[in-house]
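Shared between the two complexes below is chain A, which pairs with chain B and chain C, respectively.
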Partner chain A sequence: MLVIIIKKLGMLLLSSIILLILTFWFYIRANNLGNQDIFLQFLIYLNRILRLDFGYSSMSFRPVTEEFAEFFIATFELCLIAMLVSVTVGLTMGCFAALHRDRWMDGAITNVSIFCSSIPIFWIAQLLISTMAVSIDWVPCSGRISLLYQINPKTGFILIDTLLDDSEYSLDAFLNACTHFLLPVFSLAMLPTTEIIRIVRNSLYSVMQQNYIKVAFSRGWSSGHIIIRHGLKNAMPSILGQCGSVLFLTFTSVIIVENVFNWPGIGTWIIEAIRNSDTNVVNAYLVLIGFIFVILNIFLEFIADLSIIFLNRYENEQISKV
Partner chain B sequence: MKLGKLNKFRGLDFFRILRRDWMAWYALWFLILYLMVIIISINFFNLNPYDQQTMDFFRPPHLSFSFSKGFSKFIMGTDDLGRDVYARLVYGARNTFLYALYAAVISSLVGAFIGFLSAISKSKILHTVRILISSVRSYTPIIIAFAIITILGPSLKNATVAITVSLIPRFTAICYEITSEELRKEYIKAVMLDGAGTFTMFRLSLFPNIRDVLIIQFTKHFSMAILDLAALGFLGLSAVNPEPELGTMIAENMDMLYSGNYWIIAFPGIAIITFVIAINILSDGIRNALHKDNS
Partner chain C sequence: MALLDIRNLTVKIKTSEGILTIVDKVSLTINPGKILALAGASGSGKSLVMQAIMMLRRDNVIYSADRFKLDDKDLLKLSSHQRRKIIGENISFIMQEPKRSLDPSLKIKTQIYEVMPKIKWYRFFTRIKNLIKNTKRQTAIALLHRSGIKDHSRILNSYPSQLSDVECQKVMIAMAVASEPKILLLDEPIVNLEIASRFQVLKLLDKYSKNDETSIIIISNDIASIYNFADEFAFMYAGQIVERGTREQIFKNPRHPYTASLIRSMMEMNNPDNAKKFIPVLTGKHPDYKHMPIGCRFGARCRYAKRRCNNMPEITMGKNSQYRCHFPLPDGALYSDD
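Here is the complex of A and B:
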């Protein structure tokens, strides 16, 4: 246990140092500081990062950190809902495919997920806008909420803000915000869902071939019970170990989705900054998103290791009881 | 463990088993046909992706064939500047797929080299290099592209470099994991006890057994590189305007969709989807074929 914690902390330290060096290289190149004392510049840079001071944005003349916090919440809300959708759909579909192995259900789920993982997100998003939003006009095509609703930002999460609002149209605003979520969430959740289906199915395949699952089936227990109590529980370490790739997939495809749907989040912000060569914003993005990714990655690995330990402990207890 | 004599006809066997999986077999032929169309169109037809026909804006797609005149002039119509969509599509597909192939090949070669060496040799330096590389595993191509492109400016080469750099850590980690897992098995120890050197062991025993995984991972990385390159092009971080590239073509003409000129962005999207689907199905079929072959 202690060894794992120390290993993960070391990994965290190493990754942060590499991240700092890479972003420092970017900082030097972007600000033309190559001819000055590198070590002194690095100390100044470190000091600025530790105080979370990334200077001012040249587009809006506001502090970059403040803008980041504002835009990040919008992105986080979209990612969270998309992850919820993709985890529920992906887990159930993956379990179905693993349970009906080598039958038509498995083949159908596998082939549909291969098909969905091959579609570029920006293309399917465009298709959705042109059909669902423009041709038949069921859902709005851009933004977080209709401009006619005046909502005071309290938490930054639009779904919570609309409900907390005092005005008489708060429920209407909430429903409006929900319809704005439909298309972005669908196009964002598609790719992670296929990835989760693949991971869950492959992990469950190997677990379902074990003898104890066969014993459980021969006892006449229902397949849902077996999947939840025995299958998923034993497949959890390998599923959690591969979860990092799903998160990174979501966090990168959200940039594209936001640009298509004009969502006021990190993705539109950073692309606008790159077009205007706003180096402070790009530097802040690289440092902050990089740190979030590094911490998430190491946290997920830590949880996967912990789950292996706990599973082994459980097995050892069972053995000692017998 | 496989013996040399039994291994002799494995290639033919592989194709026989692949043929039983009709989807993978058709995907293989589809890919061959697709590449033939690109190569023949570029080399034997007089196509110019930059040429502007000032009289022919927004020509809808029109396919006709007569022996005296040949194919109709604009099979897939023209775009808002009067450029032939088919010519741009063919050259764009060549650019996208070729540069994605470069990224996949270079990243897998470098990744495999570091992964194999650090797993087989017990050298501390290589181990450190591998750990350093794996600690940047969380950087996705788009984020690396942000840093590179803000400094160097958008171009197809910079986008390819970004994708290559971001794919190396994944391939290294996969190669290292497979190799160290195989090295623990007994047949490797038996070969080493028989007096085989490291290179002989690698060539005759280790590599044939991990070849399947490498092929599958390579195809997976190739399809990932295509989608990433197209996504970077869509965000305006890849090829600059007149240069044809599939993602850039879609991004430039996004507003044309609402005026009813669907063909300018429909065809590039279909081109990406069909190619990537064919690669994914083929990779799935190869995995199944190798699996059946082994058992």
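Here is the complex of A and C:
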């Protein structure tokens, strides 16, 4: 247990040092500080980062950190809902595929997921806009909420804010925000879903070959009971260990999705900053998103290792020896 | 009245080179309280017969049978869901490796509670009585005690990897009898255990069979150790049952040459006078399932084979046994030195 924590902390330290050096190099190049004392500049840079002070944006003349928090919540909300959708859909589909391996159900799920994973996101997003939003006009095509509704930001989460708003149209605004979520969530959730289906199918199938699953089937229990209680529980360590790639996929594709759907989040913000060569914003983006991704990834691995210890007693002794 | 009555069970396996028939027209009947041993070389389809009885679903296997009756219920007429439920209630299955048959992520306690029969809602008063007198834990402890485990509190609170093989096998037996099955299927239950604990496990199974009238079908290669345990023996060779009969009949007057050779090698092993003597073993090898001989499947290795053995022998019903041979050995052939 202690060994795992120390190992994960060491990984965190190492990757954050590499991240700091890379962003520091960018900071020096951007601000033309190459001829000054590098070490002193690094200390100053470190001091600024620890105080979360990234200067002012040259686009809006507001503090970068304040703007980041504002945009990040919109992105976070989108990512959270997309992850929820992809985990639910991916887990169920993966379970079905593993249970009916090498039959038509498995073939259908696998082929559809391969097809979906090879569609480019920007293309499917534009296709969705041109069909669902423009041609048949079922859902709005851009933004978080219709401009008709005036919502005061309290938490930053649009779905919560519309419900908390005390105007008489708050419920209408909530439904309107929900329809705005449909297309972005669909196009963002597509790739992670296929990834989760692949991971769950493979890990669960190797567990379903074990003797205790066969014995459980011989007791006449239902497949749902066996999958949830004996299958998924034992497959969880290996599923969680591979989930880092899912996070990575979501983090990269959210930039594209936000730009296509004009979502006021981190993705549109950073693309706008690059276009205007706003170096402070780009630097803040690199440091903060890099740290968030590193911490999330290491946290996931930590959870996976812990679940091996608590769930899977076979590997217990091996882990503590490492 | 037979408890389990299977007629002409056939198991086929789909491979890349076409469909292979592994188990060919095996008929089994078992009466309540009897112990039937299935013996034979590895690869003769013993385990497949077991899995066919359990109807364990596997994607590339096709099961078919002319008759499949369990306790006078024709299981072939039911849907697969109902069939699995009836089989799960009436038959328990114990596999080869006891440690791998227990879920590694759950405590023994949880797994035993899971297999204990659910109390039906209309037995409300029994349920209250049970709550006062006999809790779930007490039932589990009683089950473990009957299976020969003394330190129940340690066993209940540990994970399968913390127990030894024998303890795991005893827990498996306790779990198998928890649902009060009519038939126990055992697939090589003693093969990985120490010699001392083999006897213990067999004695325990024998006790269940005698006390609860549980029928047992046991698979084993080790005829010597189950000799005193089983009432009836069935010998399989290349997917067919070549001889079947009571213990006295088979070990006194085996009819089929394959059975005779197995029994003879077992006897020569146990005889101290023969320690340095040459033990006659079968020459040749088990036929390949892709190229089965058209005649008697044992023909290529048989010492007594003649021209007639090119035709497949039918099952002949003897007095206490059934055998599949054109030229059955006469009485006392086992002891004659030829």
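Heads up, the rule we're going with is that the second predicted complex is superposed on the first by the 311 of 322 C-alpha atoms of A that agree within 3 Å, B and C clash if a C-alpha of one lies under 4 Å from a C-alpha of the other, contacts with A are read in each partner's own complex, and residues count from 1 in each chain.
Methods note: a residue touches a chain if its C-beta (ideal position, glycine included) is under 8 Å from a C-beta of that chain, and two chains touch if they have at least 3 such contacts.
Bear in mind the structure is a predicted one, so any value in this text is a computation, not a measurement.
Colleague: Judging by the criteria at the top, classify the pair chain B and chain C on chain A as clash or fit.
Modeller: By the criteria stated at the top, chain C and chain B fit after superposition, with no clash.
Colleague: Which partner does A:V282 contact after superposing on A: first (chain B), second (chain C), both, neither?
Modeller: A:V282: touches chain B, not chain C.
Colleague: Of the two partner chains, chain B (first) and chain C (second), which one does A:N202 touch, if any: first, second, both, or neither?
Modeller: neither
Colleague: Between the C-alpha centres of chain B and chain C, what angle is subtended at chain A's, in steps of 10°?
Modeller: 80
Colleague: Looking at the overlay, does A:I114 come into contact with chain B only (first), chain C only (second), both, or neither?
Modeller: It touches chain B, and chain C stays clear.
Colleague: Contacts for A:Q41 in the overlay, against chain B (first) and chain C (second): which applies, first, second, both or neither?
Modeller: So A:Q41 meets neither chain B nor chain C here.
Colleague: Once the shared chain is lined up, is A:K214 touching chain B (first), chain C (second), both, or neither of them?
Modeller: second
Colleague: Does the superposition put A:T65 against chain B (first), chain C (second), both, or neither?
Modeller: neither
Colleague: Return the chain, chain B or chain C, that is in touch with more residues of chain A.
Modeller: Partner with more touched residues of chain A: B.
Colleague: Enter the shortest inter-chain Cα distance between chain B and chain C once the structures share a common frame, rounded to whole Å.
Modeller: Distance of closest C-alpha approach: 10 Å.
Colleague: Between chain B and chain C, which residues of chain A are contacted by each of them?
Modeller: none
Colleague: So in the complex, which bits of chain A are touching chain C?
Modeller: Residue positions touching the partner: 101-103, 210-212, 214-221, 229-230, 233-234, 311-314, 316.
Colleague: Inside the complex, what are the residues of chain B that reach chain A?
Modeller: Residues 23, 131-132, 135-143, 146-147, 149-151, 223, 227, 230-231, 234-237, 247, 250-251, 254, 257-258, 262, 265, 269, 272-273, 276-277, 279-281, 284 of chain B touch chain A in their complex.
Colleague: What does chain C use to touch chain A in their complex?
Modeller: 54, 56-57, 59, 84-89, 91-97, 100-106, 114-115, 159-162, 179
Colleague: Help me check something: in the complex, which residues belonging to chain A touch chain B?
Modeller: Within the complex, chain A contacts chain B at residues 11, 14-15, 18-19, 22-23, 26, 29-30, 110-111, 114-115, 117-123, 126-127, 129-130, 134, 244, 248-249, 251-253, 255-256, 259, 270-271, 274-275, 277, 279, 282, 285-286, 289-290, 293-294, 296-297.
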